[in-house]
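All chains are identified by letter, namely A, B, C, D, E and F, in their written order; residue positions are counted from 1 within each chain.
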Amino acid sequence: MRPSGRQPDEIREVRLTRNFTKHAEGSVLVEFGDTRVICTASVEERVPGFLRGQGRGWVTAEYGMLPRATDTRGQREAARGKQGGRTVEIQRLIGRSLRAGMDMEALGERTVTIDCDVIQADGGTRTASITGGFVALADAMACEVAAGRLPASPIRHGIASVSVGIYQGTPVVDLDYAEDSNAETDMNVVMNDAGDFIEVQGTAEGHPFRRDEMDAMLDLAQGGIARLVAAQREALSQ
Amino acid sequence: MRPSGRQPDEIREVRLTRNFTKHAEGSVLVEFGDTRVICTASVEERVPGFLRGQGRGWVTAEYGMLPRATDTRGQREAARGKQGGRTVEIQRLIGRSLRAGMDMEALGERTVTIDCDVIQADGGTRTASITGGFVALADAMACEVAAGRLPASPIRHGIASVSVGIYQGTPVVDLDYAEDSNAETDMNVVMNDAGDFIEVQGTAEGHPFRRDEMDAMLDLAQGGIARLVAAQREALSQ
Amino acid sequence: MRPSGRQPDEIREVRLTRNFTKHAEGSVLVEFGDTRVICTASVEERVPGFLRGQGRGWVTAEYGMLPRATDTRGQREAARGKQGGRTVEIQRLIGRSLRAGMDMEALGERTVTIDCDVIQADGGTRTASITGGFVALADAMACEVAAGRLPASPIRHGIASVSVGIYQGTPVVDLDYAEDSNAETDMNVVMNDAGDFIEVQGTAEGHPFRRDEMDAMLDLAQGGIARLVAAQREALSQ
Amino acid sequence: MRPSGRQPDEIREVRLTRNFTKHAEGSVLVEFGDTRVICTASVEERVPGFLRGQGRGWVTAEYGMLPRATDTRGQREAARGKQGGRTVEIQRLIGRSLRAGMDMEALGERTVTIDCDVIQADGGTRTASITGGFVALADAMACEVAAGRLPASPIRHGIASVSVGIYQGTPVVDLDYAEDSNAETDMNVVMNDAGDFIEVQGTAEGHPFRRDEMDAMLDLAQGGIARLVAAQREALSQ
Amino acid sequence: MRPSGRQPDEIREVRLTRNFTKHAEGSVLVEFGDTRVICTASVEERVPGFLRGQGRGWVTAEYGMLPRATDTRGQREAARGKQGGRTVEIQRLIGRSLRAGMDMEALGERTVTIDCDVIQADGGTRTASITGGFVALADAMACEVAAGRLPASPIRHGIASVSVGIYQGTPVVDLDYAEDSNAETDMNVVMNDAGDFIEVQGTAEGHPFRRDEMDAMLDLAQGGIARLVAAQREALSQ
Amino acid sequence: MRPSGRQPDEIREVRLTRNFTKHAEGSVLVEFGDTRVICTASVEERVPGFLRGQGRGWVTAEYGMLPRATDTRGQREAARGKQGGRTVEIQRLIGRSLRAGMDMEALGERTVTIDCDVIQADGGTRTASITGGFVALADAMACEVAAGRLPASPIRHGIASVSVGIYQGTPVVDLDYAEDSNAETDMNVVMNDAGDFIEVQGTAEGHPFRRDEMDAMLDLAQGGIARLVAAQREALSQ
């Protein structure tokens, strides 16, 4: 039995609130149950040095957690003077994932920065960030098209992400904090809306996992991501 | 005429949403018009080194702005590796202001950290942070009393803050961004609920101000703060 | 009775020693009683990025304290790897104050950096820095005129600063360390030589202050600054 | 055809030179073809703060690359003042992987630090680091047993790692730099000597991968790791 | 001919002003011609971690230059966030030199920090710092004896330092900036008052130096230091 | 009697292994007995800002120690976020020493970076770095000539370095760790292959040294360096 009473293949309620703040080209509040992340997409007419003059764009991400997004207050990274290893890992993952859905030539020499700021954490902040970040990215691209700065959206594929794991011997999808902190194995999966894999990051915290467990987790991830892709499409169609 | 159509002595609509997030002892979303700040109060059973063993508590504040809280994206301070001078100034002001309403002996050897994170900026983020931060602090103290960790709230006075300035020759209260960026003089005033001054920080951006202008601004501040104190009381009574 | 035996409206002896060191365009040792600060003004033919190509100049300030300027040795900020919050606040105040007396178009694309280094501290280091920094700035501008790099000094107003506060219930001017460390309320006031306010920064350390106390403090500040402006004029006339 | 002429399921020549330097409890030069990494294991009689007093030990890893380990010189991270995101990711992976083979209660309150320093890079530095790091760890544990500080080795499972990917449409194992820099998909797999998975980190650089491609890559990884485990056993038996 | 008209073996006028600032246990303004350095000695009742519990003391030094101590303004190290390589080298040299004259057992578990802050630079700031720093150290030790915290001064030997070099083919002593910036070879020599060497740091900027040139420079250094030791004794006897 | 059984004027066995790694223009493993340092020379077609447009080149050095190169593990400087004072001193010494043998006009607008990374330390790491770094520099210059980027090598003199010191009252050459950690006086000497001095850095750790001791140490250094120069020539002739 999962602490939340959910079925093993049941994801939490997903809410995607577009235009959550007014300044950004794309701004989305994403909620996976009690996990809440503000995702904004900012477009700038410049690219990092290593891409200059190549006619191609870039998508990058930054991730942060408000100090009291969690049960006990964490140190503010700006005050500490550096981003922790976990933050660095997560923002690199978000950036790679969202780049995989884009046509960088079609984007042209622009950088889109996806800022994912967790205001309340209850497990799955990185998968929520990718899923909500994609909607912010889509809105920002639509904004560029509407403003006549791009002829068409450079997005080629939707991107969504969910966690899977083994909780008390059973494979489950979309772990909340109560499950995540006790999971024996934890895997984050990123897929596109064609059903192909973008990223698979599995870690055996408690005990190493067998090949058949991996197969079961991948099946659950495919099911969960299909529902997230549907939620993204519904949100973007409104 | 003010850009927003407000009267010179009219503050923006104020909203104070308590229990905005679930983990913190106090958590408030404060809105001064389009300016929105998440204020959380976190209580920890320890004090900084310089206070250890004296039986007294401490209240401190940290301030941050999400990178895209503003019209153009600002660099994330955690990524840059240090907090800017403006951030440091603001968080020191918030901390000093809120300490002025507390009885530190009654707090005992505890630290309350007020985190003020701006999710949308439209002028007055520091005054909104102080005003909302006080409500979060009050909730956190009530939480400690309810949990039996404190016999009574160590709060002695309510604290609120508003900006005043001279916009196109006229003294006005609670400047929004359109006014603030064009104001000739800008002053942040912090007062307690007894009508006394805690902090006065006036800066002549455009032209130095005369003594009579200062008097007019202080009058406006007193009126604005009276309304904010009323809003705090109403929010806390619900 | 004040610890120094001064009258409430009596400032300390002020000494302004010009040409204190030989390399800078302006170099002044300012002394407010036992508080001693070396102020140098350095002119460079460039402006910060945000001003480039606009034909306007910039004045900025940096502040430091020798580690043993105070009674107990403080950590060297260069060794610690960052400037503290107090330093950042003070140097921003000095810069804003001195910019208020300048015509930036007349300065042209030049940056003047005012370095204020406290070699002995006894209260009022920021007000002494502003008062002495102005004399260094005036000397540097005269040096540019003498060298033919500027047709006339871009200084429009003299700038001086003094502290006021409430010590044992009595408003007093120009607090020394013995007073400052026990003051209930402390306010730094910056004015120009036309008698208008540039900055007012009041903080209630001990008890919040009433409007009539504020009025008394502003009166004392006006008197004290008038005497500092006279001292600046005398020093510059020699 | 692979650039090196290897078969798709053929790993590079592996060399594990024990006692490569004289000071460390375990010191191994690991070579995967032209990739060469010095792995040392250092034992200290203390644990990080979060483990103190629990009777359990810790294994952590640090990773670095000599500036000219690569074709063009990279900036020295010590000179730059921080470790890059890639470094942080890799050293966290190495640490998690090696912890998975250890019984932390049996280790007692000791920390083993695995330093992996790449002196020549040709693809697969992280998989070589894990594979060589395990041998250094095993030697360090044997050293503790020999010195009477531990009754028996706390190692429960061997750990090894290999990369797999899709190069020009074909799944291949143990990619060298020529392949890695052109691979469409890249996956690092860590397994224990019982054939279970510890970590799976797959990234679609070029094109997202299908489930059948993932299966093929996992098959290759299992074969490659079996050969690495055999090489570790042979090295440790000498 | 030297730019200053001095003889090859002639040092600049030396002034040692004791009690230059009021807070430190020892405070000296040292002047070697136009080079002016404030040296303070601060005594604290604690030692660095590596010495704790051994009954021995420590002497350390920190060095800084005011940004406009030189002809063109240098960046403030506190603002830049780190001390430069030259600063680190110099402060390590000062600390080692002054430790060589002390009996650390007699000092007991105390740390003396010598702060050397250059307010005007004209060559030889490190040699002036050592020479002036010794007088500040002697005053601080006398202060501890006078206060009854030490039974007798732990100083065993006076320490002084001078530079020598080869300027336009001629060995000269105590180079000023005009000479130093054109010297072919530059050597800083530290000796004690018994005429023995503490440090010799020679660098061939322009051309490597022969053994006979080295001998000539060492002779000049011995002569110059003898005069500095005399100046220290005279200053301390007043 | 020296711990190693060597004669006072006997240096350790020296090995210079060229082409130790494959990517750098010059790559040498230098061994002074058990001290082992990897020295690489990297050539880049750019110069630091202060040299731009002058037609001259630059040689600089960076130094590091693997954390477990020593008997107890040292903190990794990249993890700590800054290079220590000792590292800064050493890399500045290596850079200055190697520049002394070069004709910078002949090098043209190129920077050669010598990276010296100690993989095993047993005393004399800086002298080994200079001696091995020179061979790497020579190989890199030969590589540039062979590639047609330079008409001839810009090296004018060979550079080598050895330590001398006073161990148990006796002057000795090339101290190993057992001697170095107990030496009363320690001096690093750098000379060119014409027998002239480039750097002399002597420090009296235990007791100040007399002039005659200095003479004896310089004699030993000259003898030791002559043997190192011969070893360099032999290595480069193969």
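As a working rule, contacts are C-beta pairs under 8 Å (C-beta built on N, C-alpha and C of every residue); 3 or more make two chains touch, one makes a residue touch a chain.
As the structure is a computational prediction, the values presented were derived from the model and not from experiment.
> From chain B, count the fewest steps through touching chains until chain E is reached.
2
> At the chain A/chain B interface, shared numbers over all numbers used: above half (same) or below half (different)?
Same: when the shared numbers are divided by all numbers used, the fraction is over half.
> State, to the nearest whole Å, the distance from the C-alpha centre of chain A to the C-alpha centre of chain E.
59
> Take the average of all CA coordinates in chain D, do the same for chain F, and state the distance between these two points in whole angstrom.
33
> Between chain A and chain D, what is the gap in Å from one C-alpha centre to the other?
28
> If you look at chain A, which of its residues touch at least two other chains?
Answer for chain A, listing residues that touch two or more other chains: 81-82.
> Write down the ring's chain sequence, where chain A leads and chain B follows directly.
Ring order, starting at chain A and heading to chain B first: A, B, C, E, F, D.
> What residues on chain E touch chain F, complex-wise?
82, 85, 88-89, 91-92, 96, 100, 157, 187, 191-192, 194, 196-204, 207-211, 214, 218
> Using the touch definition from the top, list the residues of chain A that touch chain B in their complex.
21-24, 27, 34, 36, 38, 40, 42, 44, 62, 64, 66-71, 73, 76-83, 87, 113, 115, 117, 119-121
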